[in-house]
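The structure that follows is given in the form of structure tokens.
Labels for the chains are A, B, C and D, by order of writing; each one numbers its residues from 1.
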Amino acid sequence: MSVKDHCGIFGIFNAPDAARHIYYGLHALQHRGQESSGIVTSTTDSDTGAPVMPVHRDFGLVLDVFDDPKLFDDHLIGDAGIGHNRYSTTGSSQNRANIQPLVVHHRKGNLALAHNGNLSNARELRKSFSERGTLFQTTSDSELILHLTAQSRRQKHLNQVIDALMQVEGAFSLVLLTDEHLIAVRDPNGFRPLALGRLGDPDQAGGAAYCVASETCAFDMIGAEFVRDIRPGEILVIDREGCANGGDFQSYEIPTNFGVSQCIFEYVYFSRPDSKIFGEMVDKVRRRLGVELAREAPVPEVDDDAKTPIVIPVPDSANTATLGYANECAEQGYRCRFELGLIRNHYVGRTFIAPGQDRREMKVRCKFNTVEGLLQDRTVIVLDDSIVRGTTARHLIKMLRDSGASSVHFRVSCPPVTHPCFYGMDFPNKEELLANQFDSVEEIGEWLGVDSLAYLSAEGMKRAVYGANSNNTQGYCAACFTGNYPVPVNMDASKDENEMWAPATAEAA
Amino acid sequence: MSVKDHCGIFGIFNAPDAARHIYYGLHALQHRGQESSGIVTSTTDSDTGAPVMPVHRDFGLVLDVFDDPKLFDDHLIGDAGIGHNRYSTTGSSQNRANIQPLVVHHRKGNLALAHNGNLSNARELRKSFSERGTLFQTTSDSELILHLTAQSRRQKHLNQVIDALMQVEGAFSLVLLTDEHLIAVRDPNGFRPLALGRLGDPDQAGGAAYCVASETCAFDMIGAEFVRDIRPGEILVIDREGCANGGDFQSYEIPTNFGVSQCIFEYVYFSRPDSKIFGEMVDKVRRRLGVELAREAPVPEVDDDAKTPIVIPVPDSANTATLGYANECAEQGYRCRFELGLIRNHYVGRTFIAPGQDRREMKVRCKFNTVEGLLQDRTVIVLDDSIVRGTTARHLIKMLRDSGASSVHFRVSCPPVTHPCFYGMDFPNKEELLANQFDSVEEIGEWLGVDSLAYLSAEGMKRAVYGANSNNTQGYCAACFTGNYPVPVNMDASKDENEMWAPATAEAA
Amino acid sequence: MSVKDHCGIFGIFNAPDAARHIYYGLHALQHRGQESSGIVTSTTDSDTGAPVMPVHRDFGLVLDVFDDPKLFDDHLIGDAGIGHNRYSTTGSSQNRANIQPLVVHHRKGNLALAHNGNLSNARELRKSFSERGTLFQTTSDSELILHLTAQSRRQKHLNQVIDALMQVEGAFSLVLLTDEHLIAVRDPNGFRPLALGRLGDPDQAGGAAYCVASETCAFDMIGAEFVRDIRPGEILVIDREGCANGGDFQSYEIPTNFGVSQCIFEYVYFSRPDSKIFGEMVDKVRRRLGVELAREAPVPEVDDDAKTPIVIPVPDSANTATLGYANECAEQGYRCRFELGLIRNHYVGRTFIAPGQDRREMKVRCKFNTVEGLLQDRTVIVLDDSIVRGTTARHLIKMLRDSGASSVHFRVSCPPVTHPCFYGMDFPNKEELLANQFDSVEEIGEWLGVDSLAYLSAEGMKRAVYGANSNNTQGYCAACFTGNYPVPVNMDASKDENEMWAPATAEAA
Amino acid sequence: MSVKDHCGIFGIFNAPDAARHIYYGLHALQHRGQESSGIVTSTTDSDTGAPVMPVHRDFGLVLDVFDDPKLFDDHLIGDAGIGHNRYSTTGSSQNRANIQPLVVHHRKGNLALAHNGNLSNARELRKSFSERGTLFQTTSDSELILHLTAQSRRQKHLNQVIDALMQVEGAFSLVLLTDEHLIAVRDPNGFRPLALGRLGDPDQAGGAAYCVASETCAFDMIGAEFVRDIRPGEILVIDREGCANGGDFQSYEIPTNFGVSQCIFEYVYFSRPDSKIFGEMVDKVRRRLGVELAREAPVPEVDDDAKTPIVIPVPDSANTATLGYANECAEQGYRCRFELGLIRNHYVGRTFIAPGQDRREMKVRCKFNTVEGLLQDRTVIVLDDSIVRGTTARHLIKMLRDSGASSVHFRVSCPPVTHPCFYGMDFPNKEELLANQFDSVEEIGEWLGVDSLAYLSAEGMKRAVYGANSNNTQGYCAACFTGNYPVPVNMDASKDENEMWAPATAEAA
């Protein structure tokens, strides 16, 4: 029912030709949303001198939406701006008005917003606005923040924005652009990542440029360096004065009753391995997920005269965990080898029409093929980052068997996904989750058609996420695995449950 | 000057709804050409009963060009057809008339053609036609075959086509469609791969469907099984009678003075690893390239207290060779580990405009990022399938160093590319080839900025291609590495040179 | 500064396949706006049964925006709906959000609106909303009515809409669609026309369909019959009960201090001659304008041996008035003949780029050509409906002279346009109006390059509009000719002035 | 079966920025073809200095196909060029390859062609080429001229072109562009008009620019002056030398057995009234057609107390003839008045989908409406230029009656169309022609629903075309009225018949 806001966001301030940096940053964040893309900049009207916010946004990939150099030369002028990639849950949800960033011309000035996440009090806010007769132009939660700002009784525009941000709850990372500020916000739980970067020399006249991004891979793209994460609950106000003073920006804290609960699924699947989020390289965590899984469910033993078993990832998302798994198995003395037994076809059209055939199967076949010779008469251990519905996994397993694998063992580098996400991840209904359709892992394995199936345990996942060194003591949300929702999503979810998974020290955060 | 015809082709005969099989087959061959795509089928006009060949072709990826289900339901009717993916050398070559398949309505019937390759006697043919006043509608060599057919003095259409095919020389794999046949052709040298597949039960009424494709991965996509390669110099005529008789089709041989010389670069880079070409899985050959390279240029030794050196591929094309290399190095006792240290961003827009920056560098950064934590203080051995211009390699090496690699060693799983290809591969001019710009491998390494650089030797490549078992005795073309062109491309190229690399037994083929 | 809302509107209720009637109705009203077009219908969601309002709107002509039959078969379902054609003042004003009809999903139900006109209290309303923090999604006045509705304290939706309509002032004709009503509104001055029509048999089950349109030519198009004009200040609520009861609908009156002041320029130029507006056929009024002009400024006398003078219209808008003029001149014994001496090229592209030449001149030449032989050595009396900037007229006169006219006399079937319109007509600034740039009609004629120039007098126009029979006693707005604005547009405009032109009986309306 | 080539053509030579003149010229000729438009210019490649012919062509109106100023600034460079508007018979004939001008790169140089007409020996030529194995890229006759040129045995390119032109028969007007000449050709019968114009001062250095156009209205558009018609059978070769010498160009004559037979339907309907063709202004001829019709079938007498009968045209094509008719009737003392009782809606979308209704009726209603008040209780004489199928006429008559006309009398300013045109005019099959479906004019009138019906007689048409002064003695083709085809179209058509209608003196032409 609610529209998912699983997205990539990027903002930059004090950078000549801001739009081109945003263009590259959004391209690096393309994996976080492929439905639509948009950029807003802040400049002054050449005729009137009034502050204006030119915008360009459309359905499509970043490189396609911004395929006209004139957009950068003539239209998206200015040294500050924000951008947004949007995730598509279904094609039918294509509502043009929902393409972000949103921009409004407000009596106190212009205001633009790019939003990754969901507001948990959206229903209440929407109801309250609706009763006052406020009209909505989009179906997204993000618009509520604009109305809260516009209807704030505070005098200064910045204070109105802060006033608004204090009133929203849920799972969100935000960048906002006013005529004078770039504002970066993370919800108090810190569900979604958001990082601060710096581009250029802080000692130059006017100071360096500062940027914020969902993931640090966007900083690498433009040659910016990572400064720090935006803290859970932080409202960071980037302005010219702060830029000139070496990045000394004002911060505000959103009050909260909840502890920190960062989305563990960002590590498991969603973020890019070359990003650093929540204080740790994704690649490193993902490798440890593989290592822990190897300890819990190593490769099966085979006869001495059998070919060496091969460990293969479902490419590309399971590549890193599989390397960790294979290395750990080898280290423990198991006979096995990392291999690439599935080939992924990355050419994706805008439309897949699946003429005359089973759509789901053909979609899998359009994406993956097996390397036949390699699999022949092999014990194959195939590893995926997670199983949600299970349809892709089942088709892949059949393809592996058809290619001659003597046995197929499935390993999953996270626990069974049993609960929907109310904080921005696009999972299906509870009933559609594979793990809820069977009574045991064995039965799931049977349905998938594997010789053995093993998920990483919740404990294993926790160890992998916290790592060897114990100074990573932040809390995480694992509600999709546990059902313990850290922020109440309705009457049924108690506060106690929400915090069960959060580490002890997190409560003070 | 000449237009490159590096493409993917697919044909099918005796298959209800031929077009949908072609659609999937072309998608599997998307890597062989992304500029344009087209499908022609053979059917009869619903009003007149006359044989007609509906066609649809446009610029774009397969899934985009064919994004309207009505194309399959209403337009591309019939149980036979051919399809084509075209490779773009530059955006400026976008001549709509060149999009294949070509179709002509000829006095003897309809004729459609999809072509992968170049004709070496194109200039002579074109001159001769031009003198007779023949007008050309495209700038592609492929059209010459249509004129040869149309102007043949033979009586039967099939004989005209065969007559035409006997007159062309060069490097080509072709599928032709007449109102009654699907014809698959490989030039006598067998430069480009072309395979025959079967779909469905040969014992059913009317027999199985038969298909031909540039690579066998297209058969996997539609569930067809590989039958055999089209032989170098073979003209295979697929008709209804042959389908009904278990695939007993008529073959004709194109006479030749040359031996077989299959393109070795198909193994090195171009084909998909999950395809079987020239009698061997590409994955297997590519792995052996890595093994041979490991024997010639293993990972460097490092201090005992140094971190384990990592072997990383330039993804995805070097993945398989790198696995072979890393496994062989480990087997030989070198301390090293296969890793994925470069992340590839597969989201590619139709247009990359590179606003405001060095276009080449940003194109590399848009495609690749490093996994910083992994590379820190490491000895990194990075392996690529080949080096052509070297610009991408140089940028990647800089990125690896910037991410903290203590030393970077580059390995290439083929010899230096020193000569242009006249048989369909899109290499730049001789002067632009990196290997021709320096006097030694050391100097190249210096320009690239590596601690060491090693190419696989020609001998090593030969061993890898022929494999351990010696029954693979076909000849290969390695002209891009050796300059020995198996078919004369102009006065300078002697016949002797061309055959130096071909194995002894190949001359009798 | 303010966006012009010069448009065509159409609504229909109780008509199966409402959208197709709207499609045809809007096509008939195409002359009132060519920038964009849109249709909204009212139906129930096939899954939930909830009332929904499917909408389709885009830039372009009606026949182009609705060029997909599926829109009518699958999307714009329902037996009630409204549509809108929008006028473009400049290409740069292309703001997609402004395309009407506007639709909002409101707590009391769905609400759609199509609007022709301007609100005179828009600035005050906008300011008041803005201070309360209401955000706007469009730059059009029309949106204010939606906010007024949404923020109304009335309980029932219909009452909220009526409440809102009571608060707006200015020049507007509106159709609104709720889930249960079609509401037609004309401002108390009745600036813009709006008529009620009936389609089908009122005695059939459920009653006839009722429709409203800017002009009655839309009724002719769909075979509906004219019932009556919507009265100035009337809010007519069309519902199912009223349809079943022979058109017995509820009406509400918007209170007003002003008299009726219908836009006289609708008669002069804007409406189609085959429409009946303000109680009279446009054709008839326009003919009388020509007759009055003939009485005031007949054709000049010429020598007996000269060719017969010809009276020609600037096609097509001046055709009817010219017929009236020529007939009256003939009746009065002047030697002259109606002719068609200017040919109009009706092929208009979406873009006119005027390469390499004076844009204005080429635009005139792209639209008009002279009939050379006819004009040779003639006294030519050319008649246009009005002169605004005068640039087209000047070019035409030069073309007539170049074609051999011995003398050119210009006649205009209305007085000089001297004041901008604040009620929806798209006139330029006061300074750009030709009549304000010269001290006398003679000087204007000199600049235009004519032998004589005559405008219709204000008295003459009044006589023509009221006609022979005196029961047409409604008031008209002639502010563009007189500067007497019937509704204050700012502090300077006094109420007295506004009513000077309104007839005596109108004050009681 | 054969594709109609009813088109507008334009060429210009020795004019800087040739393309922009062609653009305007084609716009003026838009009425001759609305399906597609194209321009080719002649220039030299900026790199190689070789002569090249840039081309741009697409489906759509001129102003739409050429909506990018860059086309003129960067692409269509050169001081010579030709252009073409193509007529669409049906939407299904949309074959992109057929869009003209055609351009080929020929061994002797570049050659472009724009063609208005049909070749009567196309079938024979096509067969002969086909037997020699020539492949065709289009389905249009025009391509045959290109093959004839390319296969000519003459040495010089110009001679090859002339050689080719000598071999074609039929009804055509052509412009060809070589790297050095603009060639204008009219078939020996002179079926289609083609005129020569001059732009600029012939005494300037290099001489004036010379242009050719289907109709002289294109000269008016660009400010060129009419020089003379291209003579039937003339091949006029415009080159630089001739331009420099005041227009002293070389001409060649196509030998012929036939007399001149210019298409009379160009006068009746097709050409613009502001054009001069075949030596006479179209407007003048069309007026005389009305005068002759008035003499043969004047307005009916009505009672003295009846309203004055009105004479109305079907706009816009019958406007001029109706003026002639009404004036002549008045002169003869009949009580009647010219009026505009039908209003034409000129807004035409690219697609008309006619949702849910009788397509033909709605198409008529989308184009025409009646002026109700005017028609009430009137005797109405409605005049159209011709009747082909009669469906539009029948709907219009019904609309006039529905609007209150007391009686409707139909007058047609040409004889009954009884025979198809084989020379380029797009008439339906013989059976579909209204006049062939009934035995008498009375029966046709009955089917149309009129009180009286009268066509102009063949004699009357002849008088109108030849005019009062007798020096217009050229022959005309009236085959669509008489069935006397001046050029044999198949075995049945005898040469004698063809010349029956041609005037005596024409045989010597």
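Points worth noting:
Rule of thumb we're sticking to: a contact is a pair of C-beta atoms (placed from the backbone, for glycine too) under 8 Å apart; a residue touches a chain by one contact, two chains touch by 3 or more.
Chain identities (UniProt): A, B, C, D = Amidophosphoribosyltransferase.
Computed from a prediction, not measured in an experiment: that's the story for all the values here.
Separation of subunit B from subunit C in touch steps, taking the shortest path, is 2. Each chain gets a centre from the mean of its Cα atoms; the one farthest from the centre of subunit B is C.
Distance between subunit A and subunit C, defined via averaged C-alpha coordinates, is recorded as 52 Å.
Put simply, the C-alpha centre of subunit C and that of subunit D have 37 angstrom between them. For subunit D, the set of residues that touch two or more other chains is empty.
Viewed as a network of touching protein chains, the structure reduces to one closed ring of chains, two contacts apiece.
Interchain contacts (touch definition given at top) occur between A-B, A-C, B-D, C-D.
Looking at the complex, you find that subunit A touches subunit C at residues 96-97, 104-107, 130-137, 146-147, 149-152.
Considering their complex, residues 17, 19-20, 23-24, 27-28, 30-31, 34, 60-64, 66-69, 72-73, 217, 220-221, 272-274, 276, 281, 283-284, 316, 319-320, 323, 327, 337-340, 343-353, 355-357, 362, 365-366, 369-374 of subunit A touch subunit B.
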